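Shown below is the structure under consideration.
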Amino acid sequence: MSNPFFLNHGPFDILDLLKIIGISDKKNYSQKKVFDIKDLVNASNKDITFFHSKKYKDFAKNTKASFCITSDSLKSELPRNCIPLVVENILLSTSKVTAKFYPESLNDNFDDTTINISETKLKDKVKFGKNVLVGKNVSIGSNCFIGHNSIVEKNVSIGNNCSIGSSTIIRNTILKDNVKILDNCVIGKHGFGFFPINSKNLRYPHIGIVLIEENCEIGCGATIDRGSMSNTVIAKNTYLDNQIHIAHNVKIGENSIIAGQVGIAGSSIIGNNVKIGGQAGISGHLKIGNNVEIGGGSGVIRDIPDNTKVMGYPAKNIREFLKENK
Amino acid sequence: MSNPFFLNHGPFDILDLLKIIGISDKKNYSQKKVFDIKDLVNASNKDITFFHSKKYKDFAKNTKASFCITSDSLKSELPRNCIPLVVENILLSTSKVTAKFYPESLNDNFDDTTINISETKLKDKVKFGKNVLVGKNVSIGSNCFIGHNSIVEKNVSIGNNCSIGSSTIIRNTILKDNVKILDNCVIGKHGFGFFPINSKNLRYPHIGIVLIEENCEIGCGATIDRGSMSNTVIAKNTYLDNQIHIAHNVKIGENSIIAGQVGIAGSSIIGNNVKIGGQAGISGHLKIGNNVEIGGGSGVIRDIPDNTKVMGYPAKNIREFLKENK
Amino acid sequence: MSNPFFLNHGPFDILDLLKIIGISDKKNYSQKKVFDIKDLVNASNKDITFFHSKKYKDFAKNTKASFCITSDSLKSELPRNCIPLVVENILLSTSKVTAKFYPESLNDNFDDTTINISETKLKDKVKFGKNVLVGKNVSIGSNCFIGHNSIVEKNVSIGNNCSIGSSTIIRNTILKDNVKILDNCVIGKHGFGFFPINSKNLRYPHIGIVLIEENCEIGCGATIDRGSMSNTVIAKNTYLDNQIHIAHNVKIGENSIIAGQVGIAGSSIIGNNVKIGGQAGISGHLKIGNNVEIGGGSGVIRDIPDNTKVMGYPAKNIREFLKENK
């Protein structure tokens, strides 16, 4: 799913992009225009992509992209159709090119385009509280509720029969039908992603969205960050309790149950029918299988296969944990 | 204490209730009208109750209820005066009957009955900020403060000398005298209770309240859920720090001190003079004694007797923990 | 840095202060007027100070204060110029004297002096959302943003190029240039400090502030409490993720990175270039060195020297932790 919200300012001449990432070597490039930046899998021959870890070499081999930001040691994995652009810091260069295509994605200041919902066409359609604000590019289905002081900032699509509580703030998000978001949540802000640079860190662009599918419920005080290059996704009929933090690019499967104060770090993928006990934490870039149960308070730092029950810090087989801790 | 807030739509004919829980067997019931649903202890001979775990068999033996939703294996514990209604899923059936008596308890959408406090009689009595909303069935004592953007939703009773911060949302709650609630709290919403059903979970009704007794203080960003069948209670002079989550039916004793980011799962009972360090978590359905000290970061998964100091995950005697972890 | 915000109601006659702390012994004091209460290091010969732990005896030896609240066993450490005032409960007495000098510091009710920013001179200078309130003694630099429903309560100084999100509440705080605070934060409230007394705890005054230096970013849902006697400080270019709790008197160094749901207890000092993983907790009164890395989920209960990587609960050398937990 490509981002439906941020305006693509492309196409750009490849020479302009080379300038941004500090490549002065002006070869005779067969193609001049670049239309978008996408990951290795989704890029077409009109696009630029990036390749920064051996982990993704199978995707790299088959990419259709015409250009790829990469390193000297990785470039040999790329197919003939894809011209490697060798840089020192792949992610930093990718970030700069992304910002060129999607400059608005860098701005997470409050949305100053919002107006009171009572001044919009939505006023006859939605049941809303006092002081509800709505930004640009917002659509809301039938039979929805939006509580007092909530702000539906720009770039939000809400399905039918949704209920949003009070004092909740949403942007860059799609809610499917029958979704319930409780009070005091913040959904769709950029994730905690930046390049640490002494004296002034550099934020990277977050061009992904938050997608919350049918019948989900999100408890009070949740923070769910939008994705950086891909999306943050909560699949159908998954329930989150209060005070949960979901970082950028996380994907949670269907029918999962996540108790209070759980935190899931960036880019981890959680399966279907997963149960996570209160205060458990899951490190970034992990894969948690289907039908997994994670005990309350656990700290998960490794992948977990399907149909497994774990507990502990670091999390291990739950029987082992309880046996060792009688 | 029976719920003072939700309207009881009973009495109902027992045959109507039987229909709801799928019992078609129409015996010659001596009593036709049922007035309320209550737990085993509080039910009178006009009421229906439920009995779902051997743990409560002593209560079952002495119940005064005329009807009891239960299972085939448990029904023999009930006294002669109580007719067992045998169902497959006790809690699900109980939930359906509760919803029949108290249908409003299922609705936790924002309270659309609220109006600005300046349009109510409370305006001359309370010191309030900008944009303060008040719902139906709200009473407030003398010398109280309510901060900007706070919402006192329906069904709230506030004592004397209370101070509520800004952007705090309260419903279905009783605050006694001298209670202080800081900013950004959400108090009195339903707990994280539902029957997991693939494709669409079923919420169960929460007919309990939150009761916060004299001289308590609740820190910023707290979430305190109301009880399901019983109440969530914080007893006199107990202080909670910031970002604490208290789940449904929890009871916390007097003079306790609970540090930041602690989470207490559903139905646990905490004694008097208890100290809980930051980020500690307490599993559900536990009993923590009086004068207990729980070290910061602990994960408590078993009952703790009076006068004990524990630490660790799982929490154990603190001396043992520190000795093992020199 | 002495507190720039709370009004000092002094000077007071030393005899009045003696009365407050229950000392009736009226010696012939050479000095009659006391101008301020400060810590051992910062007190001048016009001030009163306090000394409550052997840990600070080197500071005590060199204090310039004319009076010092202390105990019988500690008083011998004080220099000749400093008259010991021996009391039973040093911190309680200190608290009472502080409250005499700074009575406003005890009041953390909502700020009822705020007005809508559009009614102030700031309206032409700041880019602001709907329903933004500003209290007394607030200054804001150029090119700043303040989101909807945010409240800049009394005693706040904001530098240039700062961005404050929506529904954020700030008081008693200095933000230097280029600081970004996201949505739903509460910054500058009193810390979780009080004297536990059965039936009614006694709050102690918090006369410190929160100081957030240049280029910092604070994530959604943060709570940062102001200091009690000293300040809470977040130094230059440090980034905090969502749902973090920073207690009173904590000092965090420059260029540090703190992931989601971390909690840092009162008075701990964190060095420069420190990385703290998600959900880690740090106990109070600890010293964490420069260039330290703390793994996600860790519970730190001891000081950590410079250039160390730790993980676990309690946190230990990370290699050791991972080796023991393969």
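Letters A, B and C mark the chains as written, and numbering starts fresh at 1 in each.
In the analysis below, a residue touches a chain if its C-beta (ideal position, glycine included) is under 8 Å from a C-beta of that chain, and two chains touch if they have at least 3 such contacts.
Quick caveat, the model's predicted, so the values are computed rather than measured.
Peer 1: For the two copies chain A and chain C, what is the rotation angle that overlays their Cα atoms, in steps of 5 degrees?
Peer 2: To map chain A onto chain C, rotate by about 120 degrees.
Peer 1: Check the residue numbers that chain A and chain B use where they touch, and answer same if over half are used by both copies, otherwise different.
Peer 2: Interface between chain A and chain B is built from largely different residues.
Peer 1: Using CA atom averages as chain centres, what separation in Å is found between chain A and chain B?
Peer 2: Each chain's C-alpha centroid was found; their separation is 35 Å.
Peer 1: Mind pulling the residue numbers of chain B that touch at least two other chains?
Peer 2: Residues 131, 149, 167, 184, 221, 243, 261, 279, 313 of chain B each touch two or more of the other chains.
Peer 1: What does chain C use to touch chain B in their complex?
Peer 2: Chain C residues touching chain B: 108-110, 112, 114, 116, 131, 133, 149, 151, 167, 169, 184, 186, 189, 192, 194, 196, 198-201, 221, 223, 225, 243, 245, 247, 261, 263, 265, 279, 281, 283, 299, 301, 313-314, 316.
Peer 1: Touching residues of chain B toward chain C in the complex: what are they?
Peer 2: Touching chain C from chain B are residues 127, 129-131, 145-149, 163-167, 178, 182-184, 215, 217, 219-221, 236-237, 239, 241-243, 254-255, 257, 259-261, 273, 277-279, 296-297, 312-313, 325.
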